[in-house]
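Look at the two complexes coming up: subunit A is in both, with subunit B in one and subunit C in the other.
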Partner chain A sequence: MNLSIDVTNNEGVSNVVLTGEVDAFTAPKLKDTLLPLTKEKGQVVEVDFQDVNYMDSTGLGVFISALKSTKEHASTMRLVHMQDRVYRLFKITGLTEIINIESTVQGGM
Partner chain B sequence: MMEPFDFVEVKVPAKAEYIGVVRLSISGIANRMGFTYEDIEDLKVAISEAITNAVKHAYKETGEGEITIGFGVYQDRLEVMVADHGGSFNLGEIKEDIGPYKQDDDIEELREGGFGLFLIDALMDKVEINSKYGVIVLMTKYLHETGVGQNGDQITTPQ
Partner chain C sequence: MSLLKLDLENYKDLLKEYIKTKDEQALYQAEQFSKHSMQQNISPEEIINIHIQALQEIYPDMPEYIQSSMNFLLETMISYGLAYQEYQTLREKQLELKSEISVAANMQKTLLSTVKPDLEDVEVGALSVPAKQMNGDYHHFVDDRQGTLGIAVADVIGKGVPAALCMSMIKYSMDSFSGMGTDPNVILGSLNRVVERNVDASMFITMFYGVYNSNKHTFTYSSAGHEPGFYYHKDRDEFEEIDVPGLVLGVSPEVTYKQYEKKVEKGDMIILLTDGVTECRQGDRFIEQEEILHVIKQYSHLPAQGIVEQVYKHFERLQDFQLRDDFTLIILRRNV
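Now for the complex of A and B:
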């Protein structure tokens, strides 16, 4: 019921690997880690969802903030290896239209 | 005649760290009832959204307090109540005052949470709000396919 966040930086790319659950308890920590990464011009922020087994709207809120920040600072963000269950939330809220997401199952849902 | 059901009540401090604990509770109850894996995941998100809202509300009011969660376990459905106060439920009384949420209801907390209420609505079969004493969210999920959409409520995507 916790979230661990591992960040590795190299050559303009930040890899953010998430493990655990994103909810109201863990979302603030995620936001505090993610947002500064998006504030560097040209930076590519890649968030790995492979081991995220739970997320709710508090997580969606974090990624909306991060997306706004990438627009402001000319950086980019993509979410990769997302599980079906988590992808579904992005899908039903229409966020798949505006956020770059690569789900584990292509064309799922 | 009153329909038979089991009632489970859980009380947690109005703090975000307990949301995961309640997710485990609903997961256990729903699994026991025979809900599918997908439905259990839906229930976990819906209850978390309601509790997140209650936590924010409690925090704004006093910075402390309790949240009461009630599970009505029926033959064909699970009813989940989330109250942003520590009082126990009188199920009959709550149901008398409850109704579909309306624009003028005092549920600003849910709305300003962004997608919270939207997700509850999308993931559950029926959602009702009682805002007479604090905010109580009553949401229902049916066990069988026949129950889905009984409220004429379709899951839609905002395209």
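Now for the complex of A and C:
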């Protein structure tokens, strides 16, 4: 399984579009891309989950590190277009309470 | 078959035989020769050297250019010889590492071992199987012998050795809390502070902590972002998800955990697990919650230990006996 990460930077906003699966194999790559983005003061990092159909707990670890980093460097992060299965993972772990997450259109099919 | 001798004479004879007869048998012998050479750590260029010498003896009038071409080949093969040597060293190192990890894994087993309690009214089944050598799942029973049984189920995120080391830290912290009473929310709150201070930012732990009181037949519990377990109501013959909010351990120091209580009736079951059970996949298909409950129900006539073992076997088969994640399943059932 693979993960492709596309980053576009636009006036203080970094858009990170993920396609594929976030797991123990792809998480290190994601971490290396995501973390530096959060280290710039005032930066808004938006991660698009539209095409992520699977994430395991290693992936959660990446977003926890990123969250801690945003607090340290006064940047912000939000996760958008998240599918139910992935959202469930953030919900169970209580992370929906501390990470800004916008899940995908519920029941819109 | 005669023992193959690794010497020039033998090689020369084989070569001669083959050139003369083009016989398959001689080729087979050549194969044996190379296998044997590998066992003896003979490098490829040494074999070419033997080949050159054999040729010279068989054909004393060998043209000069063939001789030169052979020497050329010999030089070319030297890098292969070095690579082969390196491979051998790596292989030895790998074996060494493997045995070290297996020592560590055994040590972890001893350190984290927990005794499945033997209670009168409540039956306990527990099974934890690591996907690799070291287990990132953890479960622990604390039996105070006065009617309360504490049960911890945890999953360290991050796998392998770091996760296992982290688990040992949790276990010792929990042991040191023994004087603090048994309220699940207090235990999780204290553990959270320990984990937050001591582990890397990308590592975190999910834990469910429950206490069964067999005098009152109540189950008190809190969860730190752990995979929800299930509660089986015997009278209604229904499962209910034990879905309780709570942030994972190690993310934020100022977290308080809520505590819940359930009255446990005769025949009711409490099912605790890790995401190795719920994140089970068959090829690209995820196992649905209903399927897990269906399998549990199918074996519910068995003793609690029998249920957890059969459920494990079921999912092991589904995944072609290749666990993707550590698998832990605990079932408590009130019998009396």
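The rule is short, and it goes like this: the second predicted complex is superposed on the first by the 104 of 109 C-alpha atoms of A that agree within 3 Å, B and C clash if a C-alpha of one lies under 4 Å from a C-alpha of the other, contacts with A are read in each partner's own complex, and residues count from 1 in each chain.
In the analysis below, a contact is a pair of C-beta atoms (placed from the backbone, for glycine too) under 8 Å apart; a residue touches a chain by one contact, two chains touch by 3 or more.
Just so it is clear, the model here is predicted, and its values are computed rather than measured.
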Fit-or-clash call for subunit B and subunit C when the two complexes are aligned on subunit A: clash
Contacts of A:93 with subunit B and subunit C, given as first, second, both or neither: both
Partner chain(s) touched by A:61 [first = subunit B, second = subunit C, both, neither]: both
Subunit B versus subunit C as contact partner of A:33, first or second or both or neither: neither
Touching partner for A:21 - first (subunit B), second (subunit C), both, neither: first
Subunit B versus subunit C as contact partner of A:76, first or second or both or neither: neither
Steric overlap of subunit C with subunit B in the superposed model, located at which of 21-29, 57-65, 129-137 or 183-191: 129-137
On subunit A, the residue positions that both subunit B and subunit C contact, one per complex: 24, 56-58, 60-61, 64, 85, 92-94, 97
Contact footprint of subunit A on subunit C as seen in their complex: 155, 157-159, 201-204, 206, 224-228, 245-248, 251-252, 275, 279, 286, 325
Touching residues on subunit A, where the partner in the complex is subunit C: 24, 31, 56-58, 60-62, 64-65, 67-69, 85, 92-95, 97-98
Of subunit A, residues touching subunit B in the complex: 1, 21, 23-25, 54, 56-58, 60-61, 64, 85, 89, 91-94, 97
Subunit B to subunit A touching residues, read off their complex: 16-17, 19-21, 23-24, 38, 41, 44-45, 48-49, 51-52, 55-56, 113-116, 118-119, 122, 155, 157-159
